[in-house]
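Paired with subunit B in one complex and with subunit C in the other, subunit A is shared by the two complexes that follow.
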Partner chain A sequence: MSTNEYTIALAGNPNTGKSTLFNVLTGLRQYTGNWPGKTVVHAEGFFTYNNNRYKMIDLPGTYSLYSNSADEEVARDFIIFEKPDVTIVVLDATALERNLNLALQVLEMTSSVIVCVNLMDEAKKKGIRIDTEKLAATLGVPVVPISARNKEGIDTLLKTIDSMVRGKIKTNPIAVRYSPEIEQCIEKLIPRVKEVIGDAYPARWVALRLLDGDMSLLQALQQQPLPSVKEVSIYACHDTAKSV
Partner chain B sequence: MPSVKLQRLSEAEEGERFRIVKLDIQDGTMKRRLLDLGFVPGCEISVLQKSPLGDPTAYRVSNTTIALRKEESDHIYGERIRDVHK
Partner chain C sequence: MNEARALAPADTREQIVSAIFRTSQAICNETVTYTNQAKQYETEKLDRIFTSKLWGFPIMLAMLAVVIYITIAGANIPSGMLADFFGWLEGYLTLFFQALHAPDWLHGLLVLGLYRGTAWVVSVMLPPMAIFFPIFALLENYGYLPRVAFNMDRLFKKAGAHGKQSLTMAMGFGCNAAAILSTRIIESPRERMLAILTNSFVPCNGRWPTLILLSSLFMAAGYTGGWKTLVTASVVVAMVLFGIVVTLTVSWVLSKTALRGIPTHYTLELPPYRRPKIWDTIIRATLDKSIYVLKRAIVVAAPAGVLTWILGNIHIGDTTVLAYIADWLDPFARALGLDGYILMAFILGLPANEIVLPILLMGYLSTGSLTEVDGLHSLKQIFVDHGWTWLTALNMMLFSLLHYPCGTTLVNIYKETKSKKWTFVAFALPTSIAIAVTFFTAQLAKWFGFV
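Let's look at the complex of A and B:
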C-alpha cells in the first residue's frame, strides 16, 4: 500500500487562527456538521501530502480541556478516545502565556503533538520576539512558527507532520509536576487505573482527572468499550473506518 | 512582610489597573475557569468598562477582553493601581 490515512486534530484557544490554518491546509474540501448529541460545530477536511492522505478535524476553540462546557468535552473526548495520529495545538503568538495553558493540557494527554505558533506577523508588529527553538526544547515537541493568513511556515509544518507520522520525530513532552501531596496520590492511583483501563488511555492523566473529581470523564469512559480482551474483538469488527 | 490590605476586583474603577494576588473561590470549576481565562495571581489586568447597570464589567486580561459578573469579581483579591494619566 502506497498511501496511508492519518488523522490530525487541530486544537487551540478561540481566535488563534485555527480555522484559517484549517482552510489553508484543506482548501475548500471540507465538511461541516455537528458533533453527535452536542450542539457544537464539527468541521473535517482532507488533504494529501507526500503520498499520505490526512483527515483533519477542527476541534472547537477552547481555553482549557477540563470539561467546563460541551466544547471542551468534545475536544477532550476526541483527543482521548479517537487518538489522532497528530494533534496540532495552535497558539496565539501575541498571548503565549495564556495559550500555553492549553498546550500543557494537551501534552499531558498525548505525545504526538506539534505546537504551531500562529500570528507571527502580528507578534512582529507588536515587537514580540519568540524563540521557537527554545520553546521546542522546553516543551519537548516540535514548535513551528507560522502565519496562517499569509501562508507562511506552512511548508515547514507539512514537513513536520510528515516526519511525525513516519516516526522520524521522537517527542519528550514536558510533564507538569504538581505538589508532593498530589504527586503521591497520582503514584498510588496509577497502578489501579492501569488495572482497570489497561494502556488504552494515559494513566497519569486519568489519575489526575480522578483526583479532580471529573465526573464527566467517568461518564465518557463508561460509554467507551472497555479494552478487555473480549470486547476488543467486538470493537475491532465495528471499527472498519479506522483501518489503515 | 508587611501585609497590604487586599481589595476586591469588583471595587476597582474604570480605567484602573489591578494586580491579582489571590482567587478566593471554593467552587473548583469556577476557579479553574478563571485561571484558564488568564485571571492568574501576579497578573495585571485593567478595568475597561462597566455595563450600564454596573454589572457585568469588562476587563482586559492578557490581550483579551473578558466580562465578569460581580459574583466572580468579588472573590478576586489584589491591589488597585490607579492610573494617574486618566
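Let's look at the complex of A and C:
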C-alpha cells in the first residue's frame, strides 16, 4: 500500500474561520514556525485521509494577494512558487461578495482550487441563501459549503480533496475579464512571458502582475532556481538599458 | 518589465481591482438571495453602541476593568494553593537532600535557588494567565476586539500614527515580542516605526502579574473583600490607561519630530459578531498562550534563579556580591523611589519581564532573615521588612510599565528594522521615560510629604 504526501494551502480573508477549519482538519498535529527568510508566523499541520498523507499550510489571512504587505507576499509566493497540490480558499458565507475577491485572485494563479464556503449556519440564521452549485458552475471549481465549528461538511470537503489529488476532478477556473485596454496589453505580453518562463507559471497572471508594476514579484521570480527564469533578469536589464 | 510599464495605463491597479470587484458582485447577484432583511442589520445595531463616540470608551474601560477584576478575584485562591503545594514539596525535597547527605551549597543552589524561583513563577503567573488569556480570546472571537481598534483608531490618527497601531498595541497586551512582528500589517515604514517604538508601553503578560500583585499588596491595603479587588483592578486599569496616554504622546511627539509625515488612510474591516465556541476557545487559549508563556518564563527564570542565588551567597569580605551591586545601585535607585535590589532585578530581568519579581524576591531572601515563603501574605512582609511603602510599589509598577522592552522584543525589533540605531532608540526612549516619570513621582511625593 503506497502513501503519497500532498500539500494543501489554506487561504482566506481574516475572520472567515480559516483557523477553525485548520484545527478541525489537523487536530493537535500541528506546529508553528516562520517562513524562510521572513518572520511571518505560519501554522503547519498534518492529517491522513484515504491512505494519503496531507501537509496543510495555514497561509496568513489576507484580503488580496498583491504585494501590499509581507503577509500578502508570503501567501502569494507560497501559492505560486511552492505549487501546493490543492489550495483551499475559505469564504465567509455572510460576506460572500467581499470574500470572493480573494478567491478570484487565487483562481488566476492556480486551477487546483477548492472553494469552501464557511459559516453556512451563521448565514442561514441571517437569512442568507447561497446557491453553491451555481457558484461552483460559475467559478469552474468545486464549492463545498461547510460550518467548520460545527464540523458540518467536513466529510464532503475531505472527499473533494481526495478526488482532486487523484485527478478525478477537471476544473475550469473563471478568468476575470479586465477592461479592453488591459486585456490588449495582456494579449501582447503573454507570448513574451511564455518565451521567458515557459509553462512554469501561469502566463496570464504573470503578465497582469507585470502590468501592475509588481517589482517584488520580479525579484521573487529571479530568486527561483529555474534556469529559464534567470533570463527574466537579463531580459529586464536589457530592456532597462534600451529604455535609457 | 519596463516594456510592461510602458504598455500599462496609469491607473492599472485601480482598473484591475475594480474589474475583480465587479466580477464578485455579478457572481453574488446570481447566487446569493436574502430572505430576512432585518437580520442583516444586527451587527450595525451592536456597532452603534460599541463604537459610539459617546459610549465606546466607557464600555471599553468597563470591559477591561471586568476582565482584570475576574482575573484578580479568580487567581488568588489557585495561586495560594499552588504556593502551598510547592512549599509542601520543598519540604520533601529538603528531606531528600538531607538523606543523601548533599552539601549545603548544592541544596541551596538547587532547592533554594532553582526550585524556589521556578515554583514562584508558576504559582504567581499561571492562575492569572489561565484566566486572563481565555477571556481575551473569547472577546476576540466574539468580534469585540476589532471594535476596540476602531475606537482607538481616532486617537492614533490624531497622534499622527497609523490606526492599525491600535491593533498592534492590543497584541502587545499579550506579548510585546509578538506584537513587533504584527506591526508588519502597517505598510508605511514611518508609521510602522512609531508602532514599534511605542509598543512596550502596554503591559505584556510578563508584567501583568507584577502590576496585579503589587497593586493588590499595597494599593488596596485599607479595603477588604470585593472592594479590595475592585480597588486593585482600578489601579491596574489606571496603569494601562497611563501606558496608552504615554503611547499616544510619544507617537505624537515623534511624528512631529524624528518621524515626520502624514498618517495614511486605510479601511478597517469590522467582522460580524459571532458567538464563539466557548470551551474550544478556552482550551486553545490555555494550550497555546498560557503554557507557551509559562514555559518561556521557567526556561529563563530557572537559570536566573541559580545566578541570583550564587551572587547572593558568594562573599567578598563579609558582604555578598549581590549586596555590593545593590548598594552601588542604591543611591540612583532611591532617587527614583526604588531601591538597589529592585533596579538590579530589572537589569537582570532583561531577558524576560516574567523574572523581575522572582529575582527581586531571591535577592531579598538571600540577604534577609526570612527564609520561608509560604504564600502571598508573607510576601508583603518581606517587602515591608526591606523598607517598602506604597510609593515603592507605585514606582516599581510605573517602572515596570515604562522601562525598556525585554530581550526577545529587542531582538525582534532588530530583526524587523535591521537597524542598530532604531533598536537602541527602542531601548533608550522607554528607559529615559521610565526614569523621568519615577524620579518625578518620587520627588513630588517627598516634596508633599506623602511618605
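Things to note:
Everything that follows uses one rule, which is that the second predicted complex is superposed on the first by the 225 of 244 C-alpha atoms of A that agree within 3 Å, B and C clash if a C-alpha of one lies under 4 Å from a C-alpha of the other, contacts with A are read in each partner's own complex, and residues count from 1 in each chain.
Rule of thumb we're sticking to: a contact is a pair of C-beta atoms (placed from the backbone, for glycine too) under 8 Å apart; a residue touches a chain by one contact, two chains touch by 3 or more.
Just so you know, these numbers come straight off a predicted model, no measurement behind them.
Residue contacts after overlaying the shared chain place A:C185 against subunit C, while subunit B stays out of touching range. Using the contact criterion defined above for the overlaid structures, shared-chain residue A:L104 touches subunit C, although it does not reach subunit B. More subunit A residues lie in contact with C than with the other chain of the pair subunit B and subunit C.
Contact with subunit C, but none with subunit B, is seen for A:R149 once the two complexes are overlaid on the shared chain. By the touch criterion defined above, A:R177 reaches subunit C but does not reach subunit B. Using the contact criterion defined above for the overlaid structures, shared-chain residue A:E195 touches neither subunit B nor subunit C, since it reaches no partner. When both complexes are overlaid on chain A, the residue A:A95 reaches subunit B and subunit C alike.
Taken together, the two structures place residues 15, 63-64, 66, 68, 94-95, 97-98, 101, 212-213 of subunit A in contact with subunit B in one case and with subunit C in the other.
Of all the residues in subunit A, the ones that touch subunit C in their complex are 14-15, 20, 23, 39-41, 63-64, 66, 68-71, 94-98, 100-101, 104-105, 119, 122, 125-132, 134-135, 138-139, 149, 174, 176-179, 181-182, 185, 188-189, 192, 207-208, 210-213, 218, 235-236, 239-240, 242-243.
Of all residues in subunit C, only 1-9, 12-13, 15-17, 19-21, 23-25, 27-28, 30-37, 39-40, 42, 143, 146, 181, 184-185, 187, 269, 271-272, 274, 277, 280, 284, 412, 415-416 touch subunit A in the complex they form.
Across the complex, subunit B meets subunit A through its residues 28-29, 32-33, 35-38, 61-64. Put simply, subunit A touches subunit B in their complex at residues 15, 63-64, 66, 68, 92, 94-95, 97-98, 101, 212-213.
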